[in-house]
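As written, the chain order gives the labels A, B, C, D, E and F, with residue 1 at the start of each chain.
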Amino acid sequence: MAIVVRNTQRTDSELVDALGHFGVATIHEAQGRRGLFSARLRPIYRPVRIAGTALTCEVAPGDNWAIHVAVEQARPGDILIVTPTSPSDDGYFGELLATSLMARGVRGLVIDAGVRDVAELTDMRFPVWSKTINAQGTVKETPGNVQTPIVCAGASVQPGDVIVADDDGVVVVARHDAAKVLAASQLREANERSKRQRLAAGELGLDMYSMRDKLEQQGLRYVDEFES
Amino acid sequence: MAIVVRNTQRTDSELVDALGHFGVATIHEAQGRRGLFSARLRPIYRPVRIAGTALTCEVAPGDNWAIHVAVEQARPGDILIVTPTSPSDDGYFGELLATSLMARGVRGLVIDAGVRDVAELTDMRFPVWSKTINAQGTVKETPGNVQTPIVCAGASVQPGDVIVADDDGVVVVARHDAAKVLAASQLREANERSKRQRLAAGELGLDMYSMRDKLEQQGLRYVDEFES
Amino acid sequence: MAIVVRNTQRTDSELVDALGHFGVATIHEAQGRRGLFSARLRPIYRPVRIAGTALTCEVAPGDNWAIHVAVEQARPGDILIVTPTSPSDDGYFGELLATSLMARGVRGLVIDAGVRDVAELTDMRFPVWSKTINAQGTVKETPGNVQTPIVCAGASVQPGDVIVADDDGVVVVARHDAAKVLAASQLREANERSKRQRLAAGELGLDMYSMRDKLEQQGLRYVDEFES
Amino acid sequence: MAIVVRNTQRTDSELVDALGHFGVATIHEAQGRRGLFSARLRPIYRPVRIAGTALTCEVAPGDNWAIHVAVEQARPGDILIVTPTSPSDDGYFGELLATSLMARGVRGLVIDAGVRDVAELTDMRFPVWSKTINAQGTVKETPGNVQTPIVCAGASVQPGDVIVADDDGVVVVARHDAAKVLAASQLREANERSKRQRLAAGELGLDMYSMRDKLEQQGLRYVDEFES
Amino acid sequence: MAIVVRNTQRTDSELVDALGHFGVATIHEAQGRRGLFSARLRPIYRPVRIAGTALTCEVAPGDNWAIHVAVEQARPGDILIVTPTSPSDDGYFGELLATSLMARGVRGLVIDAGVRDVAELTDMRFPVWSKTINAQGTVKETPGNVQTPIVCAGASVQPGDVIVADDDGVVVVARHDAAKVLAASQLREANERSKRQRLAAGELGLDMYSMRDKLEQQGLRYVDEFES
Amino acid sequence: MAIVVRNTQRTDSELVDALGHFGVATIHEAQGRRGLFSARLRPIYRPVRIAGTALTCEVAPGDNWAIHVAVEQARPGDILIVTPTSPSDDGYFGELLATSLMARGVRGLVIDAGVRDVAELTDMRFPVWSKTINAQGTVKETPGNVQTPIVCAGASVQPGDVIVADDDGVVVVARHDAAKVLAASQLREANERSKRQRLAAGELGLDMYSMRDKLEQQGLRYVDEFES
């Protein structure tokens, strides 16, 4: 009963690459704090940052057959997003699959489960965000959906959405929102640049953000320590 | 109803810096195995070691307003200690706040919650011990206490206490105990140095610590393997 | 009531060293997916790979006395395998014990608990796989068994079995299976080498593994995206 | 920037109530193993089973203001589905909110966070599935979306979808699939009834499901124990 | 180096018993959301509620010797509060210790670790809040402090403070704050009683708490669903 | 490559039933604190206690086929012990399998994974100890070993060993040790009976166990509180 959806739309590569100039935290803020994957996903090496289009894949627990199916649907610029249909820490992915994906121009893997061969994946500079690292392999008995909408690590992902991943985590930007989020990210970044300089010069956030009045209204009170 | 206590006492900087020559494990032993923060706090990069005086800060869950208030109370040599009033993995702290703290001479951050911008924090060499890494940001709606006694990751901390943090974890030394703990740490270190040499030369701990009699009393029995 | 078994058999060092050429994931597959330690054990630094013979040790919770006893039983080429008799995150092991083990030719430590002095252990290049890193020390009041069969992190280990550990995790190979598993690992590695080349050249796993018919039988269906 | 969507469609109450005759496990199977909430959600008392239409609500971490907004949108037969925008164990919900929801005909609460007043909620027979039980309260500073599509405990939920919850967990059935899933559940239940009788009479699953040939093909082998 | 402090002050029994009329959630709110133990502590049976004075006890990991020492210091109306000096899930406490405590008028146990004999403890109606249930026993080799200030499950407790525990969790009220917190709890309870009636009658929290204006200021927007 | 071992030896039923008169904590102590399953296994209802002989079964993750194979090997008095070959929370077992096992005289299930239909299992009084409760079902694609030695939840189990399970957890007694452990349990129980009476009468454990001298040697010190 599994389905592979072919020829799905991808977000424009220019938009994707432009979003890739921003960190996950910036993009997440810029789109109203939506689309973040759970913090349980961690990169296998740091520092790292990639952006690409979501190639989605559901796997049965302990079964990586669907990943082999997904490889055929990959296009250059994709990031493979894998979610098991029930929680699992098995190692679904290793250097052979990474070799195959790199040959097809895929930029990385995000998986809410485990991977193995991390020494080799690190040497190859194939970026992976995973829940765990685990030598435990999988079988190939049950197919799974490829390029259908999925929930991965708490984030709702449509095929072709933009994925940005770095040391802080992974975020998804919906295809139709990409241009808007890019603009908001640029604005936010410019704004932060000037703040950074003022803070580095010793200005206080309390003054820069004009927080003192509101803090007083909220009842913040200053006292001096008794002698001790 | 939040309070900021100004002009709190700090431990003498000479004592602090002297304690900073010892590792967390040594200091923890030297003060009778007290004051250790939970092992769930991990440094964002290794190797690292800092010592400083506690600047304490309580934040509401998902709200980092109190950190902005704390910055103003910072003095050179402080380490910011942040605890949420209920457990949270959000990213309360990033490179802008680190920039501001560095400008004021703060030596690092210990937080029983999440941080973000870890690539930038690593580049800046701003040391952080946190429960998690998370791009998820916070709001600024609810103030929190600054420079009051807190419990952070299971450790009880008074403003101005000594904090030492390294690859093994984080420990607090009460201000009034600092001199005594320093002396005990020096003694312990000297003691370990001589042991290290004897062990490296092949001497057994069983002999060096004279353990054999007590082990026999406790019923330890030696047998030889049957043929197999 | 604790026992130390002396003069236990070890797997032949040639077999051990030959197995050490393969990764944990390969060996685990080659012996039919058995013998893997839980993925909660992680190396304190990466990359790393060692192979050796199991020197087993049970410790009471919060008590590392048995490790001191185990050191005397160590032989060159051993790997120390430590399991607490009930779950614990304490730091049972640090640089003094590592110094002693290195002096006796021990190649590393696998422990289903915590270790400390990780900066020093990393500098010494003494490899450790542990559940956690924790400055919390232990007492020396209760002895434990050395060189008896144990369960460590879910794996059943006999003294003298082969242990291989790398970035992916830790695996045990039974002494009497070592030659057979070595042969199977060699076969598997050779097999993977040719696959790697074909995949790197762009061949699809679906074709290389002849999966298409079986996928169709299992009901996998291809559809094209509706216009959007 | 929060939104409340009014007058959303609900699934027909007859369909909802008919689905409520089946257990979560049956419905989950009947719709192809989709729509299950994470097993971390547990009922505060057992046994219990309810069915209703999803009234969705996103809350800021440590902030339950949006729940108060959601109450106004409630209709008889709804089940309130609450998800924090970042993980939290706080107690967002207690007996006052339950009183208000019961007055409006709401059948229960599913929340990927904590609740409190569980003794009172149990006395009132107001069913709750939550991640934890926690006296820790929340603030009312940040609004959140009501009746928008959400991800709750890993399940994707649209307002008006069918929710069924019992001792085994919580499942969502999409509004447009409800009739089809009802039919499949009825079929499955009838099928299980006859199997139950045969198994109770001692017939083996191996025979009833004709598994023996396939097991042999998969390499299952029977051996007899050696004397011992 | 362990210490037992004798003849510590207890909070007045009238205050304690009066506080025991309120739930943990109410008291926690009434004292400004302070003093809550971590939600990982759960009662072994429900429903249950007790109030008493803290008899504090630190145990070494896997060692319950200090509990035997604490029994002698118990006075009628006390609640035993046990914290291990490093995290542990062992079963430190069973029906023999409960028998002894009941004979001395102790009202219950709060422990950030495990207990055993829970069937017997339930039959005896000896209330326990623990992190886990575990048949794993402990040794008696290392003493621990009794009646000193401790941190238990994240809460800072002084001997003689008031402890209230129920189905929602455990809270501590400082001895010197007990009267003030009692008054605040009474006020809060009275306030909630009238709210409960209004909500049961169908009044909305939005109106009762006059939230509509503030929600609008915060940007909450109402929209109607498009036809579907 | 899976194996089913037929006609394995079971421990004598008289020994098994006699051991069933003792609690898990008592037996665990009586056999020297060995054989306990991890405390993560919890009974689905309480109170409950069973004893029986181990019928062992390994399942692939997310696949319960081997359980169907195991049913045929069941004999009256057995307890089914199931362990997945990698960690999983899926619901491998429900009321149909329980019906089948009850028809064959099996006394209960111990599984280091999830079960479903817990309302029905509770109604049937079929005892289960599991890691979780989860409606998520499994496939039937990969066979697994039946009646081979396994590690389940950290305990090493041989087919035919005695299993005792109650509210406190699950313990295994090796077949050849059963008589010896029974005798030790009887002794321990008799011993505890007299202690219970003395403690109930108010005698202190400190005196009954003659602990005072040893505590003093270990450095326990009594002090009186300063006025406050």
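Operating definition for what follows: a residue touches a chain if its C-beta (ideal position, glycine included) is under 8 Å from a C-beta of that chain, and two chains touch if they have at least 3 such contacts.
These numbers come from a predicted model, not from an experiment.
Common neighbours of subunit A and subunit D under the contact definition above: B, F.
Where subunit C touches subunit F, the two copies mostly use the same residue numbers: shared numbers make up over half of all numbers in play. With centres set at the average Cα position, the gap from subunit B to subunit F is 40 Å. Work out the mean CA point of subunit B and of subunit E, and you get 28 Å between them.
One finds 30 Å separating the Cα centroids of subunit E and subunit F. Of all residues in subunit E, those that touch two or more other chains are 1, 33, 36, 86-87, 89, 134, 136, 142. Chains touching one another form the pairs A-B, A-C, A-D, A-F, B-C, B-D, B-E, C-E, C-F, D-E, D-F, E-F. Contact residues on subunit F toward subunit C in their complex (touch as defined above): 1, 32-33, 36, 38, 85-87, 149, 151, 154-156. Per the touch definition, subunit D reaches subunit B in the complex via residues 60-63, 86-90, 134, 136, 139, 141-142. Residue ranges of subunit E in contact with subunit F, taken from their complex: 1-9, 65, 68-69, 71-72, 89, 91, 94-97, 99-100, 102-104, 114, 116-119, 122, 132-137, 140, 142-143, 147, 159.
Those residues of subunit D that touch subunit F in the complex are listed here as 23-25, 28-29, 33, 36, 39, 42, 46-47, 49, 166-169, 171, 192, 195-196, 199-202, 204-206, 209, 211, 215, 218-225, 228.
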